[in-house]
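In what comes next, subunit A is part of two complexes: it sits with subunit B in the first one and with subunit C in the second one.
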Partner chain A sequence: MKTTKLKIGFYGITGCAGCQLSFIFNEDELLSLIDLIDLRAFPFIKEFNLEEKFDYVFIEGLVANKNDLKTLKKLREKADKLVALGACAHTGCVPAYRNFTLKENYKHLLYMKRTEIQDVKPTPVDTHVNVDYTIPGCPPDKNEIMNFIKDIVKGKEPKINNNPVCVECRRNNNVCLLDVGKPCLGPITRGGCNSVCTNGKFECWGCRGLTDDADIKLLVKLLKEKGFSEKIIKQRMRSFVGLKLPNLEKIMNE
Partner chain B sequence: MVNLLKLKKAHLKKFLNKLKNEHKLYVPVKTDLVRFEEYKGDIYLKENSYFPIKEFFFKKEETLFDYNKNKISVPEKESEKRIFFGVRRCDLNAIKHQDMIFIEKFNDPYYKKERENSILIGYHCNTAPSEFCFCGSMDLKDCQDLMFFDKGSYFLVEISSKKGSSLIKKHKEFFKNTDKKITTKKIPNTDILHTKDISNLYNNPDWKKASSMCLSCSACTALCPTCYCHSIHDEGNVHNLNKGKRKRTWSSCQLKEFTKVAGGHVFREKREDRFKHRIYHQLEYFKERYGVNLCTGCGRCISGCPTRINWLKLVNEMKK
Partner chain C sequence: MSKTIKLNHITKIEGHASLNLSIDKGKVKKCELSAVEGSRYFEGLLKGRRIDEASELTSRICGICSCAHTIAAIQAVENALYIKPSKQTIVLRELLTLGERIRSHATHLYFMVLPDYLGYESALSMLPKYKKEITIALKMMKIGNQIIKTVGGRDLHPVTATIGGFHNLPSQEELDELRKNLEEIKKHAVSTAKLFSGLDYPYINRKTEFFSLTSWRKFAMLYGNLKSLNKEYLKKDYQRYIKEYHTPYSSANFVVKDEKTYYVGALARINNNHKKLSKDSKKLLDESGMKLPNNNPFSNNIAQAIELVHSVDHAIEICSKLKIKNEKIKKYRVKAGHGVAAIEVPRGILWHEYKFNKKGEITYANIITPTAQNLRSMEEDIKLLLTSIINSPKKKIVSEIEKLIRAYDPCFSCSAHFLEVNWE
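What follows is the complex of A and B.
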């Protein structure tokens, strides 16, 4: 164990702050957890933030405007290790869905009225800077964030789940949603969420991103065989991991 | 000792209610799937349970010990007397195979405790409950405490162990003597795996047909009544990092992570190798060490697979 405490910062760019909140939801353990580290900056809950050098910066959100990019690059320089916290930072998540729709479909909604916002192509953090670790999920599981911090404090290599959601889903004795006619993305999606959605019979939309071992082609083939339309398959696959599937169109046509 | 008795079907529920008073009684119940649940008056015997009863013995998650620096303490576990009613022959044999590992070879105290306090009452299949059942191809034995044979209006009850015999003695008012006999324990049309010797098939190119259909989701191993691969990890206590728990959880040879070792090397990188490893462990590797096939032919790895990979058909056709 290190004798000096790790200097840590929590920051958010475009996002809903839910991932930072998920960390805070460790209520009973939070004070002990903060004791283990030197929490230098956390603008979401702290008024005074020491913004110098960090051992680890946890960043929530994606790059959706020019300010995000500036903040991100500045933090990357200050951080020894950068941790992408949550689905927006990891894959672009739902805000990146506008990459797959025409500007006419959304421009009347907000951005044309707010001229001070200079929007850019919404993209996850790793498009712009080097990312050392990723804690996936929309939002990430609170225990996962806690275990990550415990590991880095102990000087252990943090372990991020790389098994499909099915592992936990079967362990929770759920009926397989693919067998009951739902377009579940569990087999290609990274687990670690304790299959929270499928436990409630709500199919997986892939918020935790793809496993290293995901077979997209095979799942697309299976969903097609089960009678799901191309539109549904594309919508689902693009909701959270669209930018990580640049070949989806090609796979769909095979 | 009389080893065959008769129980009227109309008396089954009365008998189960009696058992329930002294034990925790688990029976197959139909909900969204057929599952083993605590007996509350309903029982469903038309299909085998979707999930095997493995989880009641080899727990999905087990705390092996609590640690505090160099000291460890094994948590005291409350054990309750349990009866499982309606367990099929394949699943009973599967438990026997797990006994070989966790009791006979390694003497695992966690598993042993769960087993010692349990009585297993079998239910014999008159017909194969699923099209993928292949227990007829496997060499199954009697390893239950009692076995119920469904004869329409009554059950023939075979007493197969001391535990079973003393349970019957306690409740002898329900049972009558009989001169009937059990002629066969083979379940018709279940010998659909034509060869168990796959030792010379390892390099057969047809394995690719199966592995190309595999999502690596590990449903097959989670639903398998015999698969026992697990991983062990430490959970540190945030209030004092010297303290924590060491836990054992289910894992699966079908996952890439399973064979990842320190330094990041993965032994079975290819899906084909992982798929073959499962089948070879079931039919070859276990037999080399323990003298029996690990697989008991329940067919769940096919019926529960999202893409229904029928490896029986594959192996049958390879031989030809």
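What follows is the complex of A and C.
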């Protein structure tokens, strides 16, 4: 009996291509992984892209202009399940930090004068369409993408880690970077990255988004006690997940 | 007879780009190559952030060359504050850059370029017949990634590099492991150089200036002055000779040097610095039959393949010689400053410039990517290519133009395109 493979598409809107590369960088397993699925569209590396119905569409990037919005809505219609791939699609990532900066910051930039393609407020995918799954991270972990695909092929519900980065960081016997005076966001950030940044003695910036029960208040209090200014705390927390922290101003003032 | 060609979404490149052409009575009336992706305004959102955050934030500009942005941001700040990194730091940054170059060139050559010349739509559809070639590409990409992960802590958007050094250093054992793996892929880099030297490329010849870093000591990567033909330029004066302007049709800026188009990338580096290539890569360059200086932009594919061999050689040399010392990050005092960095990244020269106040907060940032510098050259080359194929069938014209665009290895920073060709 012939089984039908899942029809899959990989697309990018405004972003850096890093998430699509993360999938390709499953070097040893890439070919067998592609064998498991019917990869119908992947314009980054394919010229012929079958734009029909998809079982799953993986989308990288955030919505930054009207073109993005059009592409996203079209893909949502064609996809049975839509997967937000990586931090831009998930939280808006660094480009969405623009929402928390002054308009005058952009006055001197040449490309601001452009009118033909109109900008929209930089926002993640779920601001505009329904998202079925999210693979977080900037970049998303390549094993996580691989395991996600293996799961859906088997008909298994893919799981996303909901423990804070601290769990893996402790397991890796790292020195706590908060204790050595760095503004680490590990306690509120979703793990699953094997604490890759703190392993390298670099504090967590929160690229994988917030855990479901993230205690923002507690971390803000802790960072204040450690002597970090409100400005720095806000800038750091908003670098990757600003739009997911609508009450930050209020929390800061409490 | 007049006709219009519109490539709305060019595939197999990094970035959202489109091309608008109109031809009238056998002459090209309009040739507009544009980036259509959303602007992310990195230079604006850096304002008010601290100098030590610039590398982490700007690495998000690009997935395939995030190490490049990280290092350029760090170097610009170091130049502003007169911080001199240690020899070990410099060598590790070089290794990081080489890893990225190996990964980027291998990805570009096999996934973006090769299918065009073997008559396939993608590397994936080449698989049944050319599994060996694709496997070779993946092996080289893997070692490139392994270098970046070992030195930079993560294979995309590295985490360990910072102003004055590295948060975390690789171990001697890890470097040994890298050396072994690099020696293992050397033969693949060599076979890549031979394969790409033997492909049948279209030929155009437009005189232009090849612009790159140059150094009397080695094949320039992170240090040296700028060189074009026989003239040298200083980095810090770049705004005197390089001008950015915008056009209504593109979200990327266009760049000219001394009011003229110029070329950056592997071909410029080989044209300007071929004497400094490693022994084996020089030999392969001789055997390739590529005449120097070479004005054919399609030769950039050969130049990248030659650089792949050189990069593997250079990385092996670093991994064999470097004895890791447990160095601390250099301490520095924050004060107001202004610094420029220009480094050679896979696609050419990358510029980062920052001004900051005494608190170390960025007040001005300017970033010029290689693709922005090449955009005008690409337009001129497309026009020239068209003159020789203007009477060919539509399909041929489109495929030749796409080959040319891909030869430049443009990075419009991310991608989403489906080829749509409209003829009128």
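Following the convention adopted for this analysis, the second predicted complex is superposed on the first by the 247 of 254 C-alpha atoms of A that agree within 3 Å, B and C clash if a C-alpha of one lies under 4 Å from a C-alpha of the other, contacts with A are read in each partner's own complex, and residues count from 1 in each chain.
In this text, contacts are C-beta pairs under 8 Å (C-beta built on N, C-alpha and C of every residue); 3 or more make two chains touch, one makes a residue touch a chain.
Please read these numbers as outputs of a predicted model, since none were measured by experiment.
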Subunit B and subunit C placed together on subunit A: clash or fit? fit
Partner touching more residues of subunit A, subunit B vs subunit C, is chain C
TODO: Once the structures are superposed on A, label A:E60 by its partner contacts, choosing first (subunit B), second (subunit C), both or neither.
DONE: second
Does the superposition put A:F48 against subunit B (first), subunit C (second), both, or neither? second
Q.
Quick check for you: in the superposed arrangement, does A:K5 touch first (subunit B), second (subunit C), both or neither?
A. neither
Classify the contacts of A:C176 with the two partner chains as first (subunit B alone), second (subunit C alone), both, or neither.
first
With subunit A at the vertex, the Cα centres of subunit B and subunit C span an angle in degrees (to nearest 10) of 110
>> With both complexes overlaid on chain A, does A:L36 touch subunit B (first), subunit C (second), both or neither?
In response: first
Quick check on the superposed pair: does A:V94 touch subunit B, subunit C, both, or neither? Answer first, second, both or neither. second
Taking the superposition on A as described, I'd like to know which of subunit B and subunit C A:K78 touches: first, second, both or neither.
neither
Closest CA approach of subunit B to subunit C after superposing, in angstrom, is 12
On subunit A, the footprints of subunit B and subunit C overlap at residues none
Note: in the complex, subunit C contacts subunit A through residues 9, 11-12, 14-16, 36-45, 47-50, 53, 56-57, 60-64, 66, 107, 111-112, 115, 121-125, 127, 131, 134-135, 138-139, 141-142, 145, 152-157, 159-160, 162, 167-168, 244-246, 248-253, 364, 411, 413-419
As the complex stands, subunit B meets subunit A at residues 32-33, 35, 50-51, 55, 60, 212-219, 222-223, 235-236, 238-239, 241, 250, 252, 255-257, 271, 304, 306-307
Subunit C partner, complex, touching residues on subunit A are 11-22, 24-25, 27-28, 30-31, 34, 39, 41-49, 51, 60-65, 67-68, 71, 93-95, 97-98, 101-102, 105-106, 108-117, 119, 122, 138-139, 142, 196-197, 199-202, 205, 232, 235, 239
Within their complex, subunit A touches subunit B through residues 1, 29, 32-33, 36, 146-147, 150, 153-154, 162-164, 166-167, 170-171, 173, 175-176, 178-179, 186-188, 211-213, 215, 218-219, 222
